[in-house]
Amino acid sequence: MANIIGILGGDLRSVYLANALTRSFEVHVFYLEGRQPFVPQVHLEGGDQSLLARCPAVVLPVPVCQRGLWLNAPLWKGEVPLSVCLEAFPAGTRVFGGGITGVIRTMAGKGKLELIELLDQEELTVRNALPTAEGALEIAMRETDRTIRGSKCLVIGYGRIGRLLCGMLRALGAEVTAACRSGEELVWAEAEGCQPLPLEELKTAAQWVDIVFNTAPAQVVTGEFIREMRLDGIIIDLASLPGGTDFEAARIRGIKTIHGLGLPGKCAPRTAGEAIARTVEQLLNKGQPR
Amino acid sequence: MANIIGILGGDLRSVYLANALTRSFEVHVFYLEGRQPFVPQVHLEGGDQSLLARCPAVVLPVPVCQRGLWLNAPLWKGEVPLSVCLEAFPAGTRVFGGGITGVIRTMAGKGKLELIELLDQEELTVRNALPTAEGALEIAMRETDRTIRGSKCLVIGYGRIGRLLCGMLRALGAEVTAACRSGEELVWAEAEGCQPLPLEELKTAAQWVDIVFNTAPAQVVTGEFIREMRLDGIIIDLASLPGGTDFEAARIRGIKTIHGLGLPGKCAPRTAGEAIARTVEQLLNKGQPR
Amino acid sequence: MANIIGILGGDLRSVYLANALTRSFEVHVFYLEGRQPFVPQVHLEGGDQSLLARCPAVVLPVPVCQRGLWLNAPLWKGEVPLSVCLEAFPAGTRVFGGGITGVIRTMAGKGKLELIELLDQEELTVRNALPTAEGALEIAMRETDRTIRGSKCLVIGYGRIGRLLCGMLRALGAEVTAACRSGEELVWAEAEGCQPLPLEELKTAAQWVDIVFNTAPAQVVTGEFIREMRLDGIIIDLASLPGGTDFEAARIRGIKTIHGLGLPGKCAPRTAGEAIARTVEQLLNKGQPR
Amino acid sequence: MANIIGILGGDLRSVYLANALTRSFEVHVFYLEGRQPFVPQVHLEGGDQSLLARCPAVVLPVPVCQRGLWLNAPLWKGEVPLSVCLEAFPAGTRVFGGGITGVIRTMAGKGKLELIELLDQEELTVRNALPTAEGALEIAMRETDRTIRGSKCLVIGYGRIGRLLCGMLRALGAEVTAACRSGEELVWAEAEGCQPLPLEELKTAAQWVDIVFNTAPAQVVTGEFIREMRLDGIIIDLASLPGGTDFEAARIRGIKTIHGLGLPGKCAPRTAGEAIARTVEQLLNKGQPR
C-alpha cells in the first residue's frame, strides 16, 4: 500500500507529474479531466474521493489554491473547496504542495497531516530555474522583431535564473550585460563571459538596451530608468508579484512589458511536472527508513 | 538625385528596410501605412505614386506579389495591381524584389527596367538563414511542452539553415542528430558536435525523436517515418512549398506539424529588413562606377 | 605619497601586477630582475630596500614564502629572508600577500603592520578560478593524444573551478560527467548540461573515463578507482597539496597523473597578475575614507 | 584473405590507426617498434616484410616519405628506402598514403599498384580540421601568458579550420574577428558570432590583436602588418609551408611566431589515426562490390 500516491488538481504539470510517477507508484488522479495526455497506467478518479483514504501520500498543485481557498484545478470542470480535500486525507498522510500558507496549515489540523512545502525544496527551485530561463527566452523571441543574436540584453540579478538565462543568451550570440549587487557576482558574471555592471550604475544601460530581463525581487526597473529607454526596447520581468518594474511608467511611455509569472508551468509543463516528480520521489525515499 | 530610393508595399520588413536605408538614402515609401514604426526621416507617400518618377531605384517586397499579380502589401488598406507600379517606374529604374517570375519580367517590358532578384543574392540568403533558424527555434519553444535542453532533436539537412539551427539547439543543451545525404556533411556535422545520421537511415530516428526539423527540399518526412513516431513528437518543416512532410499522414495520426514559411519576416522582421537594406546598399554601391 | 606602492619578489604574476598597478600608482619593484617584460613606468629597485620606507602599501607574493621563511622570489638571483623585508616596512604599512601564516604574523610584530591575506579575498578566488580552469584544459590538451571533442571527461566537484571547467569542456564538445556530493550541485550540474553523478557512485565512472579532473579537497580518486581505470586514462588533480589522488596507486598501474598546482601563475600569469592588481586596488580604495 | 591489411611506418597515428583497424581487419604492422601502445590484436612484424605478400591493402604514412625517398618511419630504429616497400607489394595491392608524388607514382610502376592519395579524400580533410583547430588552440594556450577568455583573437581565413577554430575561441570567451576574402564568408562569420573583417582591411587589426591565427595559404601576415603589432602579440600560422607569415619581419621585431604544421599528428595522434582508419575502411568497403 505504501506505493500508492494521489494527485489532486493542478495544470498540465500535474498530468506529466502523474505520468512520471507511474514509474515507481500506483498513481490516482483527482480533479483532472481524462482527455489530457495521461499514460494508460494512471488511474483517473475524477471527482470521486473515496480512494484518497488509501493514499499514504498526495500531491496538491503549485500553487495549492486559487482565488482564496479553492483547489487550483484549471483542468477540472467544477470548483473544489480545499477543505473538502484536506478532510478526505487520513491522519498521517504526507501532503506535498506549493504555497502552503498558515491558513492552510490551520485547516489541515494540528499534526494530523504532514505538510511538505514544495517551494522550500532547494533542488526543485534549481530544477525550475531552467524552464523559467527558457520561458523568458521564448518570450523574448516572440515579443521582439529582431533576432536574439546581436541583441543588446540586460539581465538584472545573477542568481540561478539570471545565470542560466545569461548563458543561453550568450550561447545564441546576444551581447549580454549582467547587473548585480555583490562584487562576487560581478566577478563571476565576468568570468562567465558577460559584461558586468554594478547595480548602482544600472541607469547607464537604459540608453542602449534592447531587452531588459529582471530577475531581482526589488523595484529596480524604475520610472527613471524607463524614461531613458528607447521606445523599441522591451522589459521582461520574471520577479514574483508585484515584480520589479514600474509598469505604469512603461505604459505611459508606450514601452512593451511582459510580466512572466509561473513560466515553468506555462512554457514547459512536462519538464516542470517531471521536476516535481523527481523531488517527490526523493523526499519519499528519504523518508523510507523511518 | 541619385540617392533617392522608393520602397513599395511589403510587411514589417519593408518598414525596417526603409528605416535602415535612411542612413544613406532619401527614402520614400508607398503603400505602407503611416502608423508603422517608421523613423522620422522616412517620407510617407501613401498611394501617391507621383514621386516614383524621381526614384532611380525602388525595392518591391519579398515576395513581390500575392494572389496573382497584386502587389504584396499587407500593411496597406487597398489593393494595388503590380502593373500600376511597374508602369510608374521610369525607364532604367533599378527594381529590386523577391520572386520575380517570368510573367513579371514580361510585364516590366523588355529592357525598360533593370530587375534584380533578391532571392538570387547569395549574401542575403546567408543573412536570412539566421532569422530562419531562430524562428524555427522559437516555434519549437512555443509548440512543445518541454524545455529545449534535454530534447531529442533531429535536423534533416545540414545546409546553411540546418547548420545554424543545430548550433543553436546544441548551445541550449538539446541532443542533436543531423541527418544528411553527403558523406562530407556527415563528417562536418560530427565535427561540430552533432550525432551524424546518413539520410538513408533516417527511419531509425522516428522512434526516439521529440522534435523533427526539416530543412531539405524533398519528401523526407514520409508517412512511413510518421507512423513510427511517438504521438507527442512534433514536426517543424522549414522547406519551401510544398514542404518535405507527408502532412496528411501526420494529421491522421494526430501528430502536430508546423510548416514554417517566411520565418525571417514573421519572427524577426527588423533583422530581415536590415539584411535586405545591406544587400541593396551593396548592390547599388557596386553599380556606382558604371 | 599615498599612491606609492611596492612589490616584492614573486613570479611573472608580480611583473604583470606591477604593470597593471601603474594605471593608478607609482610602482616600485624589489627582488625582480629588470629583463622581465615591465612597462617603462615601473621603477626597478632591485635589491635596494631604501625606498620601502616611503611605501604605505606593499604586495608580497602568492605564496609569500618558499622553503621556510625565505621570500618567494624566483625571478631574483639571490635569496632574501622574509624578515629582512618585514623589518624594512615602516609601522602602519599595509602588507598584502598570499599564505600569511601565524609564524609570519608573529614576525611582523603585533599590530605594527596591517597584514591582508589575499587568499581570503572572495573576489580574487573567483578571478583565479578562470585561469585555473583554463590551465587544467591546457594540461588536458597537452597530455592526451586525442581531441577534447568526443573525450569522456569526469569532473569531480562542482564548485567554482569545477563549474567553469565543465562549461569549457562542454563548449569544446566533450562528454562531461560532474560528480558532486550535494543534491543541489547535482541538479545544477544537470541544468548546465552535464551528466550528474552522485559522489558515492563515483566508482562506476572508472571504466569509461578518458580524463579525470579532480577539484575536490579530499581523497576521492582512490586506489580502488584507479585499479578500475583503463590504462590510457589520465588524471589531472587540481586540489591543493596533498591532492585528492592516490598517486602511488596510479604510478604502480602506469596511469599518467598530473598534479596541477598554482595554475594561474603557471598558465596565465598576466591574467592572474591583473586579478591581484584589481583586488589590491579595490581593497586600498575601500580603505581610503578612513 | 581479403581482410588482411598492412601498415608501414609513420608516427603515433599509425599505432592508433592499427588499433582502430583491428575492429574489421587482421592488422600487421611494419617498421613500427613494439613498445608503442598497440592493442594485443595487432601483429608486429618489425622489419620482416615477408607477410606483405599476403596483404591486399597497405597503408603508408602521411606523409609517405621523409628527406627524399625514405619511408617516414620515426618510430623505427633503422632507415627504410621507400622502394624496398613498394617492391614488396604484390601487383594489384591497394596502397594508401599521404603526399604521393609523381616520383613515387613512377617508382610504383605503371598500373602495378593502385595508389590512393589520402590527402585527396574530402572526408579525411574535414576529419583533420578538428584536431588541427584544437591543436592551434593548445598552442595558443601554451604560448600566451593570458587566458583565452578575454583575448582579442584574429583568425585569417574562414574555411574548415578557420571556422572550427573561431567556434572554439568564441566558446571559451575570446573576442574573435574573422578576416575573410569573400562576401559570403564575411556574412557567414558574422552569422556565427564573429566580428567580420574584409581581408583588404586586415591591417587595421594589427594594433589591437593579441593572437593572430593564420589559416590562409597566402602571404597575408606581412611585414607591414607585423610592424604595427604590439610586441606582446603572437602569431600562430597554420598554413602549409612556406606559411603565410613574414617570419623574418617577426623575428626582427621580437614577436613570437609558431608555425603549426602537422598538428593532428602532433596534438591528437589517436583522433587523427582513427580518422585515417575510418577513411580507409570506407574506401575499401566502397570498393567491395567490384
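By letter and in written order, the chains are A, B, C and D; residue numbering begins at 1 in each of them.
Heads up, the rule we're going with is that a contact is a pair of C-beta atoms (placed from the backbone, for glycine too) under 8 Å apart; a residue touches a chain by one contact, two chains touch by 3 or more.
Keep in mind it's a predicted model, so treat the numbers as computed, not measured.
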Per Cα centroids, the chain farthest from chain B: C
Chain pair with the higher count of C-beta pairs in contact (C-D, B-C): C-D
Centroid spacing, where centroids are CA-atom means, of chain A and chain C in whole angstrom: 39
CA centroid of chain B to CA centroid of chain C, Å: 51
Length of the line joining the C-alpha centres of chain C and chain D, rounded to whole Å: 35
Residues within chain C bordering two or more other chains: 130, 149, 191
Contact set on chain D toward chain B in their complex: 122-123, 126-127, 129-130, 160, 164, 167, 183-184, 187-188, 191-192, 282
Parts of chain A lying in touch with chain D, wherever the complex brings them together: 149, 173, 191, 193
Residues of chain A touching chain B in the complex: 12, 16, 37, 130-131, 134, 137-138, 141-142, 144-150, 168, 171-172, 232, 267-271
